Amino acid sequence: MSSLNSTIFKLAGLALLACVPLTGESFYVELAAKTLVLAIFAMSLDLLVGFTGLVSFGHAAYFGVAAYSVALLSPKYEAASLWYVLPASVGLSALAALVVGLFVLRTKGIYFIMVTLAFAQLAFFVFHDTPLGGGSDGIYLNVKPTAAIAGWVPFDLDNATHLYYFILGALVVVYAFLARILQSPFGRVLVGIKSNEHRMQSMGYLTFRYKLAAFALAGGLGGVAGFLYAVVFGFVTPELLSWHQSGNVLLMVILGGMGNLVGAIAGAFVFTGMQEVFGNWTKHWQLVMGCVIVAAVLFMPGGLSAVPGRIKRALQGGGSNE
Amino acid sequence: MGHNLNKAFKFGIGMALAAGLTSGAQAADDKIKVGFMLPYTGTYASLGNAITNGFKQYVAEQGGKLSGREIEYFTVDDESDPAKATENANKLVKRDKVDLLVGTVHSGVALAMAKVARENKTLLIVPNAGADEITGPLCAPNVFRSSFTNWQPAYAMGKVAAQKGYKKVVTLTWKYAAGLQSIDGFKEAFEQAGGKVVKDMTLPFPNVEFQPFLTEIASLKPDAVFVFFAGAGAAKFVKDYAAAGLNKTVPLLGSGFLTDGNLDAMGDSGKALQTTLHYADGLDNKKDQAFRLTYAKTYKMQPDVYAVQGYDAAQLYGAGLKAAGGDVSKQADVIKGMEAAKIDSPRGAFTLSKAHNPVQDIYLREVQGGQNKVIGIPTKALADPARGCKL
Amino acid sequence: MPAGQGTLMDFASFLIQMLNSLQYGLLLFLVASGLTLVFGIMGIINLAHGSFYMIGAYLAFVLTSATGSLFLAILLGIPLTFIVGAFLEWALFSHLYKREHLEQVLLTYGLILIFEELRSLLVGDEVHGVDIPAIFSASIPLSDVLSYPVYRLVISGVCIVLAVALYFVIQRTRLGMMIRAGNHDRTMVEALGININMIYRVVFALGFALAALAGMLAAPISSVFPNMGSHVLIISFVIVVIGGIGSVWGALIAALVIGFADTFGKVLLPDYAGMVVYLVMAVVLLWRPEGILKKG
Amino acid sequence: MSEIINPGLAATVGTPAAAGEILLVAERITRRFGGLVANQDVCVTLPRGKVHVLLGPNGAGKSTCINMLSGDLPPSEGTIHFMGKDITGLSAAQRSQVGIGRSYQRTNIFPKFTVLENVRLAAQSRRQQPWRIFSRAMKQQWALDKARACIEEAGLGAKVDWIAGVLSHGEQRQLEIAMVLATDAQVMLLDEPLAGMGSDESARMVEVLKRLKPSRAILLVEHDMDAVFAVADTITVMVNGQVLESGPPAQIKASVAVQQAYLGQEDSFHV
C-alpha cells in the first residue's frame, strides 16, 4: 500500500510542478525552473553521498565545468545545437570527475571531504585565473542552444515555458535513470560500499572502480544540472564552482535525508524556499539560515524525510531523545 | 519509508509555494517602484548602504516625491555574487516589476544586471560598477551609469604620471575586469605621452599576499608604480608598500578606490598618497557642502563617493521623470530627459555621454589628515571613449 | 639559483623571496596547526576554523581600540577565545563526535553564516586597520630600495616559538600524552580513567585560540575585513591534507611548502598562481594519499 | 537439517576435486607493526579436503595470520601461493576472486540489508557486470538461487527476508558463512565462526563445516575445543606470533610444549 501511495504522491507532485507555468508569473516560473535544476544537482550528489557513502564537498566543480562548457562551446552570436552542446558539456564534466576521482578516491573520510573541496577550488581557479575562463566576471551565453534537428524545431529553449518543461523532463529522466541504476547489480554494489566497503572488498569487489564509476556518473549528472543552469540564466561565473555552491547542494541533500532521491528534490525546494522567505524577511537572513542549519543538525538527524516519523513517535509519547 | 518520503516531498512543494505567496507583488499603482539591487552583506555591504542612503537623501530632499509621484523602494541583497545575479535581478524586474533598477557595486553582477535590463527593457542606473563594457560594447538605450568607467580615473592618472616626468612604470592589480581595465586606461594615457610600462603584474582576486610583488618591484626599480586595488585589499597593499620602505623611493599611484573608505584602516601608511577620481574631499562647491551636511545629519556618518553616486542616480532619474511629466510608462521620454540632463552633482556638474556614462572632471587627490584632498584637476570633462558602443 | 637566470630573478631577490615564503608559510602554519589538532585528535571536520581566524582579527581590532595596545588585546584575547572555544565545544561540537562527518560539515557550515552575520551586526561591514605596536613598527633595509618590516619577523618568531611549544606540549607533557593517546584509541583512554571529554574540550579550545591568535597577529598587516576567514580556511585544508591529518609537524612542513609554492608561483607563473597550491596538493596525494606525515 | 542438495550449490559442493591437492601455501610469512613482530616465519599449508585449525591464546597472532592470508594485511616478509601462483601482492578483493574467502572475528555484515541481500551481493561478486546498469539485480535469477542455496546451507533458511542487523549473534555468524559460501571460495578462512553460539548452533555449524570439507580447504581459528577436535585434520598452535607446534590432533594433544604453553591454561580442555 505504501508503494502505491508513493507512486500516487510522486505523480501528484509531478502534476503540481507541471502546473507552475500556468500561473503565468514569469519570475516564479524561472524560480521553479532554477529549483528543478538544483534538484537534479542534488540528486546527482545524492548518488555519491546518500548511496555510495562518499561525502563530496566539491560537487559544484562538475556543475560549473558543464556550465562553462556550454558558454565556451557556443559561438558568440549564434545558437549552438542542443544535441551537440548538451552531450559535450555533460561528457566533459563526467570526464573531469573521472580524472579528479582517480586522485580523491585514494583517500577516505575527512581526507576525502577536504580533498574533493580542494580539487573543486582547483577547478574554480582554472576558470577564474587562466585565459580560458574570462576571469572573475564570468562569461555570457548570448544565445541559448537550439533544439533544431535538420530544420525541424521540436521546442524552443528561448521560450520560458518550453524551457521549464524541458527542465522538468530532464528531472524526470534523471530521477528514473538513477532509480533504475540503484536497482541494478551496479547500484547494489554502491549501496554495499556505503554500508561496509571493507566487506565488499573481501567478497571480491574492486571497490575503487565502482566508486570511480559512481563519481564520474555523479559528475556527469551534476553536469546536466550545470548545463541547464547556464541555459536558464545565460551567464556563467566562477562562483558556480565555489565551495559555497558545493556546501549548498550538500545541504539540500541532507535536508532531504540522504539516500533518498525524492528527498533530494524536496531538499532543493526547501532550500530555495528558505532562501526566498528569509531573504525577503530580513537583511540578516544568513543568520537565520545558519541557525536553522545548526538546529537541524542538532535536533533533526536523518533529514526532512525522517521528520514525519519522528513527529509520529513523539505524538505517541515514544519520541527518541537523540 | 516510502510514506515518509512523500510527506517530505509535499512539504518541499508547500514551502516553495508558501515562498511564492509571501513574497508576491503587492503593488500600489500610484507609486513609482525603484528596486535597489546592492550588496547589503559581505565585503561591499558598506558601499551598498552608502548608495542607498545617497539615493534616498535626494528623494527626501524633494519631499519624498519625484515629479509629484511617491517612491516605493524594493531591495534585494545581491551578496556581490555573480552566480545569483540574474536571479536577483529578475526578482526586481519580473516579480516586483520595478520601474527603475539601481545597482550595483560588483562589476560581474552589474554585467548580469545589464543583460536582464536589456532583455526586459527595464531602466537601469548603475551607481558604481565601472566595467567599461556596460557603457561600451554592451551599451543600451535603457542602461545608464551615474558613476564612472574603470578607464576614466586611470586615464587621468596616466596623464599625471607623464606630467610628473616618470618614464618607467610598473603596474600591479588583481586580475579581474576592474583592475585590468584600469591598467589599460593608465597605459593608454601614459604611453601616449611617451612613458613606458615596463611590467604588468597581476594576482588573483581577492588574494592579499603582496610581499612577493613588492620584492619584484624593488628589484625592477621603476620610477613609479600604478596599482588598482580597492577596499580592504587596498588598505593592506598600502600598508605593505610602506612597510617595505618602497614609498620612500618609488611613488605609488592609483585609481581613487585605493584610498576610498579605507583610510582609517591604512593609518599613517596612506599619508601623501596621490590618486585620481571623480570625487574628492574639500571640493570648493556649494552643492557638495550642502550634501555632506545633510548626509552627516541624516545618517550620522560622513558621505563618500558611493553616497554621491547613489545621490546622483536619484538626480538622474528625477531629471528623466520630469521630462516625462512623472509618467513612467513613457520610457522613451524618461530616457531622453536623462540623456539631456545636466546633473548638479556634489562632485561638480556633469552631463552624460552618448553611451550614458558621466562626462566629468577627474580630480587629483592627496591623502592629508585622513582625507582625500583635491590638489588639482588633471582632466576636465573627461569622456569615456565608449569603444564598441553603437548608440 | 644560477646567475644566468638573473633576468628572471637575481640572487638577492631570490633570497628575499625565500624570506617571504618562509614568513607566509609560518603564518599559515599557525592557522593550520589548530585545524590539524582538532581534525586529528577529535576527528571533527571544522569549516568554521576560518571564522575563528576572522574572530581573532576582529577581537584584535575591538580590543586594541578599547585598550590602545595590541599586546593587551592579545593578552585578553587568548583567554577569551579559549573560553569561547570551550563553550562552543560544550554547546555544539560535543554532540558531533559520534555523528557522521557530513553532519559536522553541515553544522560548521551553518556556524560560518552565523559568525559572519554576528560580526556584521556587532562590528559592521567596514574595513578596519590595526596599528603595529610602536616598538615593532620599524623596517630593516634589505637592499637599496627594499626594507623588511620588523613586525613580520616578529610574527615569524612567534610562530616558531609556538611550534616548539606545541611540540613540547604534545611530546613531553601529561596533557600531550593524553592527547596522543586520545588520538590513537579513544576507548583505551577512557578505560584508563582519563576524562576524554575534558581533553577534547581543551584541545578544541586550544585550536580555537590558535586560530584566533593567528588572526590577532595578522590583523595589523592584513587589515580586518568581512569574510577574511574563507580564504584562510581553504588554504589551511590544503595544508592539513598535505601534512597529514593530526600531524603538527606535517602541518609545519606543508605550510612552508605552500608558502614557497605560492610566493614563487605568483612571481613566475602569474596566470596560474591560484592553482599552484592545489597542484602541489595533487602531486603529494599521488605520492602519499595520507599526507607527508600520517597522524601520530 | 534437511539433505536437500540445492541446485545453486551443486556445482560447488559436488565438484569432483582431487582431495589432498595443495591449494594454499604460506611460507615464512612475517608481519611487523613498527617494532612489534606480530607474526614471525609462519608457514601454513592448506590441502583440499582438510580442516586446518589455528590455536593459540589471545594475542598469539592468529588474526594477523588470517589477515595476511586473506590479503587484508600485506606481509612484511614471506610469500603466499595459491594453486602454484604467487599471490603475495594481491589485494583482498583479488584474492577473493581467485578463490580465497574469509569470515571475520567481529561480525562483519551489512546490518541494514536483508539476509538475502547480504548473500546475494556475495554471489553477485562471482559474475560482476558493472556496465549493465539497467538490468535489475533482483532479476538475476542465478544469483538469487545461489544466495538462497547458501543461506539454506548455512542453516538460515527460515530467515531469508530478515534484516541482518536484528539477527542473533549466532545467526549473524551463520550469515557470514553463507556469504563466504556464495563466493565459491576454494579456501575458506574462518575467524572464530562459533564464537558466541549456543550449543545447538555450534553443532549445526560443525555439521556445515564437515559437509563443506571434502571440496575445499578450510583454515579455522577457534577456541571451542569440542568443535576443534571434531573437525580438525591438522592443528597449528601459535604463541607470541610464532608457530609452536603443528601436526595431527593426536600429536598436539600429546605435546608437552603445547600443554605447558597453551592448553595448560585452558581448564576446558577435554575431549
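We just call them A, B, C and D in the order they show up, numbering each chain from 1.
By our rule, a residue touches a chain if its C-beta (ideal position, glycine included) is under 8 Å from a C-beta of that chain, and two chains touch if they have at least 3 such contacts.
Since the structure is predicted, the reported quantities are computational estimates derived from the model, not experimental observations.
Once the contact rule is applied, which chains count as partners of both chain B and chain C?
Both chain B and chain C are touched by A, going by the contact rule given at the top.
State which chain is most central when centres are taken as means of Cα atoms.
Chain nearest the overall C-alpha centroid, as shown: A.
I need the chain pair with the most C-beta contacts, please.
Per-pair contact counts point to A-B as the maximum.
Which chain's C-alpha centroid is most distant from that of chain A?
D
Any idea how many Å lie between the Cα centroids of chain C and chain D?
From the centre of chain C to the centre of chain D is 49 Å.
Express in whole angstrom the distance between the two chain centres, defined as the mean CA positions of chain A and chain C.
Those two chain centres are 32 Å apart.
What whole-number Å value describes the gap between the mean CA coordinates of chain A and chain D?
43
For chain B and chain D, what's the span in angstrom between their mean Cα positions?
Here the centre of chain D sits 73 Å away from the centre of chain B.
Quick check: what residues of chain C touch more than one other chain, meaning two or more?
Counting only residues that touch two or more other chains, chain C contributes 116-117, 120, 273-274.
Which positions in chain D are in touch with at least two other chains?
In chain D, no residue touches two or more other chains.
Which parts of chain A, given as residue numbers and ranges, touch two or more other chains?
Touching at least two other chains: 125, 128-129, 284, 286.
Strictly by the criterion at the top, what is the full list of touching chain pairs?
So the chains that touch one another pair up as A-B, A-C, A-D, B-C.
Taking the touch rule as given, give the residues of chain C at its contact with chain A in the complex, in rising order.
Answer in residue numbers: 39, 43, 45, 47, 92, 95-96, 99-103, 105-107, 109-114, 116-118, 120-121, 234, 237-238, 240-241, 245, 271-275, 278-279, 281-282, 285-286, 289-291.
Flag every residue of chain A that touches chain C in the complex, lowest number first.
It is residues 49, 55, 57, 103-104, 106-107, 109-111, 113-115, 117-119, 121-122, 124-126, 128-131, 243, 247, 250-251, 254, 258, 284, 286-287, 289-294, 296-298, 301 of chain A that touch chain C.
Please output the residues of chain B touching chain A within their complex, sorted ascending.
For chain B paired with chain A, touching residues are 1-13, 15-16, 18-20, 22-23, 40-41, 76-77, 81-87, 90-91, 93-95, 107-108, 111-112, 115, 131, 175-177, 180, 204-205.
Report the residues of chain B in contact with chain C in the complex, numbered from low to high.
Within the complex, chain B touches chain C at residues 41-46, 49, 175, 201-204, 206-209, 211-216, 218-219, 221, 231-232, 235-236, 239-240, 243-246, 249-250, 261-262, 264-267.
Can you tell me which positions in chain A touch chain B when the two form their complex?
Listed in rising order, the residues of chain A that touch chain B are 2-3, 5-6, 9-10, 12-13, 16-17, 25-28, 30-32, 34-35, 125, 128-129, 135-138, 140, 233-235, 237, 239-240, 242, 245, 256-257, 260, 262-263, 265-270, 272-274, 276-277, 279-280, 283-286, 303-309.
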